[in-house]
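Chain nomenclature is as follows: A, B, C and D, assigned in order of appearance, with residue numbering initiated at 1 for each chain independently.
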Amino acid sequence: MFLEKITSQGLSHLSYLIGHQSMAAVIDPRRDIQIYLDIAHEKGTKITHIFETHRNEDYVIGSVELADITGAQIFHGEELPFAYGKPVREGQTFELGSIILKILKTPGHTFESISIVLYDKDFGLEPVAVFTGDALFIGDVGRTDFFPGQEKETAGLLYDSLFNKILPLGDHVIIYPAHGAGSVCGSGMADREFSTIGYERLTNPMLQLTQRENFIQAKLKEKHSKPPYFLKMEEYNLSGPPAIGSSFSLLPLTPDELSHAVQSGLQIVDIRSPEAFAGAFIPGSFSLPLTMLPLYTGWFISYDYPLGLVAESYEQAMLAVTYLKRIGFDDIQGYLYEGMHEWTISGKDFAGIKAVYAGDIQTRISSGFSFTLLDIRTEEEYQKEHLPGSTHIFIGDLEKRINELDKQQIITTFCGSGMRAIIAASVLKRHGFNNVETCFGSMRACARGVCEIESSL
Amino acid sequence: MFLEKITSQGLSHLSYLIGHQSMAAVIDPRRDIQIYLDIAHEKGTKITHIFETHRNEDYVIGSVELADITGAQIFHGEELPFAYGKPVREGQTFELGSIILKILKTPGHTFESISIVLYDKDFGLEPVAVFTGDALFIGDVGRTDFFPGQEKETAGLLYDSLFNKILPLGDHVIIYPAHGAGSVCGSGMADREFSTIGYERLTNPMLQLTQRENFIQAKLKEKHSKPPYFLKMEEYNLSGPPAIGSSFSLLPLTPDELSHAVQSGLQIVDIRSPEAFAGAFIPGSFSLPLTMLPLYTGWFISYDYPLGLVAESYEQAMLAVTYLKRIGFDDIQGYLYEGMHEWTISGKDFAGIKAVYAGDIQTRISSGFSFTLLDIRTEEEYQKEHLPGSTHIFIGDLEKRINELDKQQIITTFCGSGMRAIIAASVLKRHGFNNVETCFGSMRACARGVCEIESSL
Amino acid sequence: MFLEKITSQGLSHLSYLIGHQSMAAVIDPRRDIQIYLDIAHEKGTKITHIFETHRNEDYVIGSVELADITGAQIFHGEELPFAYGKPVREGQTFELGSIILKILKTPGHTFESISIVLYDKDFGLEPVAVFTGDALFIGDVGRTDFFPGQEKETAGLLYDSLFNKILPLGDHVIIYPAHGAGSVCGSGMADREFSTIGYERLTNPMLQLTQRENFIQAKLKEKHSKPPYFLKMEEYNLSGPPAIGSSFSLLPLTPDELSHAVQSGLQIVDIRSPEAFAGAFIPGSFSLPLTMLPLYTGWFISYDYPLGLVAESYEQAMLAVTYLKRIGFDDIQGYLYEGMHEWTISGKDFAGIKAVYAGDIQTRISSGFSFTLLDIRTEEEYQKEHLPGSTHIFIGDLEKRINELDKQQIITTFCGSGMRAIIAASVLKRHGFNNVETCFGSMRACARGVCEIESSL
Amino acid sequence: MFLEKITSQGLSHLSYLIGHQSMAAVIDPRRDIQIYLDIAHEKGTKITHIFETHRNEDYVIGSVELADITGAQIFHGEELPFAYGKPVREGQTFELGSIILKILKTPGHTFESISIVLYDKDFGLEPVAVFTGDALFIGDVGRTDFFPGQEKETAGLLYDSLFNKILPLGDHVIIYPAHGAGSVCGSGMADREFSTIGYERLTNPMLQLTQRENFIQAKLKEKHSKPPYFLKMEEYNLSGPPAIGSSFSLLPLTPDELSHAVQSGLQIVDIRSPEAFAGAFIPGSFSLPLTMLPLYTGWFISYDYPLGLVAESYEQAMLAVTYLKRIGFDDIQGYLYEGMHEWTISGKDFAGIKAVYAGDIQTRISSGFSFTLLDIRTEEEYQKEHLPGSTHIFIGDLEKRINELDKQQIITTFCGSGMRAIIAASVLKRHGFNNVETCFGSMRACARGVCEIESSL
C-alpha cells in the first residue's frame, strides 16, 4: 500500500494518490493531472477511483479529464447536482486491493462535504487514516462562511462532523486534509503536513471549543476573503471544467507583437520578482510574482481577455501557465521573447518603482515627512500590528476604493514582506498614480527592530 | 516544518530529512547522500544535524561524508565506541526552528539504539511523531538476535523499550521506522509506510504480547538470516566508512577486456532480468537481477575482487553501482559495452538456462519424472508451503551444501516467484552443474491453482 | 544563425531546425514534434516555416500538427496534389533573419523532390549549405525504384539533379541529407553525418559514375525492399496525417486483461532484447526488439488491430510508443503490467527459444547434423557471404513463403547479428513451428573465425 | 563515426568529441568535464585521446581531470613546456576506428598552436574536416597580440599557417574552430557555427588579404582587450589546473552569515538580471548578470578572496558556479538563502539604481540637462557610433580611471544594450558614487530611432 501527497504550491492544495498493487484512488485531483499519471506509472498501478471531498471553490478540479484518460470513476457527495460522477452514501465502502475506503459525511464547510476513512484489510477493523477534505485541517478547521444567511447552520454542522464523526474515529488515526498552511481556506493552519486525530484533539485551538455554541460563535467571528474568481471555480466544479490536455505551446511574443495585443485587450502579467519589476516594467502591466500568482490573480485579472506573460525565463513562464490553468485562466497568448531586456533594447518606453527601505520609512515617520503609507494587508493583520499613521485598504478592495487615494501624494505601498505591496503598486500605477513607491521587507523588516509598531488589539 | 521520507529500494531502508526554515536533520542517511543535499536545496535549508538510531548492519551509513560536505554534526547512542560523531544522553534535546527532537534510549535491537521524539514547539508539549529506528516497525518489531548468547537479554530490553518508553508517548504519535516491508531486519512488516503508536498498539502482532516473558519467548523462536556482508557493514559503521564522492565514471568494457579481467579475478554480476539471463549469459557469471542486488550480493560476491557488470543499459548499470556502493562494493571496473548482444557478436561462447513453467513441474511430479526440484527459500517459507518431493536448501547455504546435490540429475531451482531461483541456478552453473533449469513463476504461479501444494505446519 | 540536426533512431531519419533570432524553419519534421518546440523555445525562436523535401514513404510527417501549434506555413514540391501546405517554385526564396533559403528542384527519388539551398545574407551570395532530402546522401544517393515502369526515367532525373544542380553549387557547400546510415532509403550511406559537396564529389561511389548512362544502369541494378507499411505512409503524407497530441496515457494491462484482449485481435509486440525474449515469452507474441521496431514492425503488424506491448520497463514501452506512432501505429492499448515476471507469476503458460552459439552451428555443419539453418537476411547480404548448406528466405518474404519450411525439422534462424533472427523465430513460432531455435551473434560471430563462410559473388 | 560540438556559453568556447565505436577523442575540453563523459556513455564509447589545439588563455582546460577519470592520453604542441601530456609532431597520426586524426602545426595565435585534420578511412585519402583551434574562425582569424614585441612575427606565422597549410587542405573541408561569435578571441566571427575552408576562402574578410604584408598590417591594427584573469589561465593551463570533481555543495547563507563574511573579504557577486539589480541590491555587491559572468568577472573579481552569490534561484546560482569554475574562481562560499527577498525582510539596508529610458536620455541631451553620460564600451564600438556629449571610458579601465569622474554629478552608465552598463554602475556605487543611474536598452534602444547618434569614423 502506498500513499503519495501532492502539494500544489501557492494554493497550498493537497491531493493524494493511494493505492495497492494494480488499483489506486486519487483524492481531489488538481487540473494538471500529469503528476497522478506519472506516480501511477512509477508505482505500476492504475487509477480506478477519483474522490472529491467537496465541490472546491479555490481551484479547478481535474477529475473529469483524469477519468477520461484513465477510465476511473468519479465519486462525490450526494447533496449537490454534479453534472458528472456518481454520488456516494454514508458508509459506502470501496476496496482497492488491501485498501478499504469508507465514506463519512462531514458537512459544514459545504453541505456535500465528505471525509474518506482508510482501513488496511490486512490489519483488521481499526481505521488507520482519514482524508478530511476541508473539514479538519492541521491546526485549524474549515471555513463555514460560503452560504450567506446560513453561517450558523453550517458552523453547527461542522461542529457535529468534527466532534461526532471525525474525532470518534480514534486518536491513533492519521489525518490527510485538503489544504496546508498558506491556503485561503483557513487561516490558522500549521506549516506541518502531518498529524493525527489525537494530536489535533490535544492541540488544535478550534477543537478546544468543545461546547457547540462556543464553537459556532468562534466561527461566526472569523473574517475570510472571497476573491471574485471563486464564482468561476464553483461553476466549473459543478458542471465539469474543460480539459486542458498536455499539449501546449507557449509562443514567444516580440515587443511589437505584445504591444499590439495589448491594444486588443491583452492583460500583461509580470511574474518576475518584486525587485525586477521595481527595476523596470512595461507600463500598464500587473505585477504578480510567481508565488503570488495562485492567490492574487483572481482578484485583478479578467477571464474575458487573454493574458501575456513577462518572465525571467521560458521555464518560469511555463510554471506560471500551470498555476494559471489551475484557476481557470486558459487563454494565455504567449510570453515576452527574451524578456524585459528585449523590451528595453526595442526602444520602447518602460517604467520603474522606487523601493524604499523600512528604516527610511521609520525616518520619514519620525521626521513628519508627508506621504501616504498604504497598508494593503487584511484587516486582521492590520489590527494586530501596523505602523503609526498608515492608511489601510485591503488589497482585494483596492480597485473599488481607489478614489479614496490622492494622486498628488507620494504613496508607499506596504504589506507583510513586500510581495503584496508590489502588486498593489502596479495596480496604482495602472490607475495613473505616478508617485507610487513600495516598501520591500515591509512589516517583517520593520519587526526586526527597524520601526516602531502599533497594535489595535 | 517539512518531513521527507527517503526509501532505498531493495534494502527497504527508510531515512528522513526533517527541517524548519534554515535548519534540518537527517536520520540514518544512506551512503549515496546526494538526495539529502538535493532536498535541502529544494527546501532552501541547511543540514545541521545527523542522527543514527543505531549502528546499522545491513548498509553503509552516509553520516561522515554528509557531515564533511555540510558541516553538520553527527549524533548516536553512547553505548558503542564510534570513531566519529558525538554520543547523546537520554532526554537530550535539539532545537531546529520550531522543531524539538528529544532522545529516547530504546535498546534491544542493539544496545546503543535510540529513538528520537519529535515535538512542534508552536503546538505545545505533546509529541507529534517518533523516529523508532529498528525498535518498532509497522506491523513488526526489531530483531534481537545479533548478540549470540545474549538473545534473552536483548529481547527483554526491546520489550522494555517498546512497552515502557515508546507506547507511553501516546496513541496519537506517528511512527517513522528505519525499515519497511522487504527488509531483512524484520519479517512481518506491513507494506504500508504510515502508522501511529495507537494503530500499532491495536494491530501489531508483537505488541499483543503484553506479558514480558511471552514477548521474549516469541523473539527467541524467530529465525533470521545474517548474510556474511553484515560484518563489513558493522566494521564500516563503527569506524566511519570511506567517502565515495559523486564523481564516478563507469567504464565500458569490450568482451575482450571483460574476459581478460575475469582471469585476474573479476566477478561478473549480471543484473538483467531472469528472462534475459536464462536466454543467454556469460559462462561463470552470477545472476543478480537489479532488484535482488541489495539483498543477495552480500551472500555470494567477495569484497576481495573487483566486479564487472552485465546490464540492459548504462542507466541500469549505474543504478546497480549505487546499490552496490550502499553495501560497500566499491571496486566496480566497468560494464559490458553494448551489453550481451555485443558479447554474442564477438564470437565468444555463451550459455542459457531452460525456464520451466509451473504447470510442467506439476505434470512432471504427477508423472513421476525423475528430477530434483530444488527449493531455495527460507525454512519458514518452505514449511508454510512447498511442492511434494522437493528438496530444500536455503539459498544462503547453497554453496556450503552444494555437495549434497547430484550433477547428473536435472535440477530445477524453485523459489517464491522465480527471482531467487535464477540466482541459485547461476550459482549451480558456476559449480559445474550442467543440467540446471529454473522455474519462472515458482510458488506464486503454483498457487494460482496450477500445482498441488503441501505444508509442514 | 543556428542549425540543429534531429536524428530519429531506427529510421535513421534526419530533420533540421534552422533559424536566426525570432524566425526558424523545420525541414522534414517527424511526427512527434515536441523536440522542435523544445529547441525553438531553448533558442528563443518561433517556427515560421516548414519544408518537406518530398512526400516521405518511410515515416509519418509531422508538418500539419507542427503548423497547427506554431502557426507556421508548410511548403513542398508542386508536382504532387498535397491536401495541405503550399507548392514552391524553382528559385523561390525565403528570408528568416540573415538566412536565405532557396528552392532547387531535384527530382529523381520522387518527382516532386526539392533541395533547399542555404545562404547567409551577412556573408554574401555564395551558398553555405544545402538540404538535399533523398537526392544526395553521405556516401550514397537516393533510391529511384518507387515508380514501377519509370525506373529509367527517375534514375535519369536523379542524375540530372545531382550533376547539373547540386554539384554545381560548389565543393565548399555543406550537405544536410534526410537520412543517415541504417535507413532503407539507401544502402551505402556512411555512418558519418557530416560532409560537403566537394567531399562527396571525391568519394561518393555513385558520383564517380559521371556518364549518365552508367549512372542509370547502376541504379537499375539496385535491389531495395519496400515494406507494406509504406503504402500507409504515402497516403498519410499526401492527405495530412491525424494529429497525435502530446497527451497519451499508456495503460498497464494485467496478464488477464492482456490475454482477454488477444482474443479480440490484439497483437502482442515484445520489444525486449532477443536474450529476454528467448528466455521466456508469451505464446503468440511478436519479437520486435526496440531498435528493430521502426524497420520491421511494418512487415508483420497490421494496422487493423490494436497492439499490446511487453517491455523491460514503462520507459522502454513509452519509447516504443513513440517509434510506433512515427510509422502510424496509433492504437496501442497498453503494456504488460510489471512485465514478463508478472506474467510468469500469474500462472499462465510461457514459451522459450533455444539460443545457439555460432561455434555450435559450425560443429553441427561439420558433423552433418540434420537441421535447417534459415538465413533471413537480404539477398545481397546472403550472396556476399553465408554458411554452407543454409536456406535463404528474406525476412520480409517469410510469411508468404512459410510453406517451404518443414515443421518437423529443427530450424535455426540466422541473420547478421541475431536481431532479425529472433524476429523470424517468433514469426515461425506463431505459425506453429515448435522446433525453432535462433543463432545469437549469427554472421558477425561466425566472421570472427568461428565458422567457415561461403560467398556467391 | 560521430562528432559532437559542445558550446560553452559566454566564453563562446567550442569543444568537440569525435569518435567511432569504442574509441573517442576530445578536442579542447572545458573544465567541467561531465558532459564529455555523458556523451561518451550515450554513444557507448570510451574517451582515449585528448587534444589541446593550444595553451588556452581564456578558460581553464579540463584535460588533466578528464584524463584521470578516463585513462585517456593528452596531446599538445611541442613548443611549450607543458607539465603534463605529450608533445605531437607535424604529420603525426592517430587512429580511432575508422577515424584518422593528423597533426598540422599552425602557429600564429600562439607558437605551439596545432590544427587537427580529420580523415574517414572508409572513404579514402581526402580530409573531410579540420579542427582549427584559434587559427581560423568562421568569419575571422585568431588574434596575434599575445606576445608583446613579437606581433609582427606571430601575424606572419598565422598568415603562413592559414594560406600555406589550412587553405590547401581543399575547399571541401569542413572547419571546426575553438570559438564562436561572442568570444574575446576574435571580434568579427559569424554567429553561424558551420562552414568550410572553401566558404571561408570566399567570404572571410581576413582571407581576402592574400598578400602577406597586407595581412600582417591588418592584424597589427586590431585592438583586443586582455582581462587580468588571463594570466591565471595561462599559468593553470601550462602546469595543469586543480581538479574540481563533481561533488560540490553550494551552501545557503542567511543575510547575517553573508554580512559577516563580507567583513572577512567576501566579494558579493549578484548574477540576477540588470532589472532586478536596479530594483534592489546589497550595498557593495558587484552586478554581474549570469550571461556576463564568463567575460566580465575576470576584470573585477579577485582570486584572493572568496565569493558569495546573489541569484534568482538555487539553479541559477549553480549555473554561476559552473561558469566561475571555468575561469578558475573556485572559492565560492555560498548563495544568499531565499534570495534578495530574504535580505529585505531581514531588516537590512539595500540600495537601488534608477534605470533611464533612452528616449529620456535624448530629451536630456536636447534640453541641455547637466549629467555625465558614461559610455563604457570598447573604443571600436564608441568610434563607430555614440551619443553626442558622452564620456568614454572602457569598462576594463573603469577602476583605474575612476578619478576622472565627478561624484557630485549625475552619472548615467551606457553601453550596447544595458548589460555592461549595470556592471559599471555597480562598480561606481562601490566606489562611493551615489548619483549613478543606468540606461537600459542603451545604444540598441537609441538606434531604433529614439536618439541622434554620432560617429568618429
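Following the convention adopted for this analysis, contacts are C-beta pairs under 8 Å (C-beta built on N, C-alpha and C of every residue); 3 or more make two chains touch, one makes a residue touch a chain.
For clarity, every value in this text was computed on a predicted model and none was experimentally measured.
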Pair joined by more contacting C-beta pairs (A-C or A-D): A-D
Reference subunit C; chain at largest CA-centroid distance: A
Separation of subunit A from subunit D, taking each centre as the mean of its C-alpha atoms, in whole Å: 44
Separation of mean Cα positions, subunit B and subunit A [Å, integer]: 42
Distance from the mean Cα position of subunit C to that of subunit A, given in whole angstrom: 50
Multi-chain contact sites of subunit B, meaning residues that touch two or more partners: none
Interfacial residue positions of subunit C with respect to subunit D in the complex: 1-3, 120, 122-124, 126, 128-129, 139, 170-174, 190-199, 201-203
Residue ranges of subunit D in contact with subunit B within the complex: 22, 37, 41-42, 44-46, 69-71, 245-247, 249-252, 254, 314, 337-338
In the complex, subunit C residues that touch subunit B: 272-280, 312, 339-341, 344-347, 349-350, 352, 354-355, 357-359, 417-419, 440-442, 444-450
